[in-house]
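Here the structure is laid out as structure tokens; the discussion comes afterwards.
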């Protein structure tokens, strides 16, 4: 499943559904809200473009890394410390392709998918903005 | 947790317990029984050496990749297609270290930890044996 | 003619969520962004001193990403929509 | 003197789970492995034609891994335990 959601993400159903006879390795990345001195994190999104981008990334990864399954679920809205921001689950026949694909998908998301993080701190809010 | 078990592994408790304020990325590898024309897989182990090796690998990974948490659970005995053989969960502050550590741990296991796979097929059994 | 510019995240804070801008016929995407930049106190977020669009600005036009370098080559039509994305930080 | 050799996985199928072997005093780990190899039909699984231990054989002695190359340098004591692992395939 490729999705953008405002609700908490349950990664377990995606891991379960990645179990296929042709799959030997399931590699999962779960991004969580890290305490960098913040109270919470708020994520903004341009949903129609982001969803279309995620679908293209998943398709490319499936093809380039010969994946059997790909799931990408990105949450937006406000999240507390340790809550799950993103879940990427890839099912691969071979482990190296699984690791490479999962990492590549994450880097692609960070490079161009229109999602933005804003730190919510005691004394204000500030967008992550790296030129 | 570092463990060798004869029972099915539930990866979810390890993923849940990896959620810490200092952790930004949880990378999980789940190895599953792939259908290479087999009926089942049977894993043998030298348990005391394997457990000691896994502990050393986890310690080294924690130190080298600055991990916040490491779990390695390896199952032995007989497993059916799609069942989970091994679960590796690493909690890292930074994603690249998470991917690198999880992959490194798996390669170390495959290189020297005394665990052996035997294919159970319709017409016989055969050990994996790559010189 | 009128074109609409929609902004996200930090650009929205600086220039509003959506602005309708009046431009002379023949104007380009670059002209529209320069015009928008002048409406806020943080023009330099969008354009440099030479009025070139910052290289980090992601521009969506007709559902396609276009490069800030090409923005001066693309002529607008009345009713067009331009979307501006600041540097992303998802994942 | 007597030493015990324990085998795992494919080596166990070929040479039994545990064998007690009689050796003259001064014998080395290499001597013990050569002696074990002769007890089964698949001696070449453990040693090559020059009676050197195959490089893929993992040898545990006194809770330490020792290299097949060093096996001829390590002198055994009565009651010692040697463990032989075939190439591993976990993960």
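In order of appearance the chains are A, B, C and D, and numbering begins at 1 in each one.
Definition applied: a contact is a pair of C-beta atoms (placed from the backbone, for glycine too) under 8 Å apart; a residue touches a chain by one contact, two chains touch by 3 or more.
Nothing here was measured: the structure is a model prediction, and the numbers come from that model.
Of all chains, the one whose mean C-alpha position sits at the greatest distance from that of chain A is D.
The mean-CA centres of chain A and chain D are about 50 angstrom from one another, to the nearest whole unit. Taking each chain's centre as the mean of its C-alpha atoms, chain C lies 74 Å from chain D. A separation of 28 Å divides the Cα centre of chain B from that of chain D. The set of chain A residues touching two or more other chains comprises 31, 95, 106. Residue positions of chain C touching 2 or more other chains, listed in rising order: 91. Counting only pairs that meet the touch rule, the chains in contact are A-B, A-C, B-D. Taken together, the chain B residues at the contact with chain A in this complex read 11-12, 15, 19-32, 34-35, 81-82, 84, 93, 95-96, 98-99, 102-103, 106. Those residues of chain C whose C-beta lies close enough to touch chain A in the complex are 8-10, 12-13, 54, 56, 58, 60, 65, 83, 85-91. Those residues of chain A whose C-beta lies close enough to touch chain C in the complex are 31, 43-46, 49-50, 74, 85-86, 106, 109-118, 127-131.
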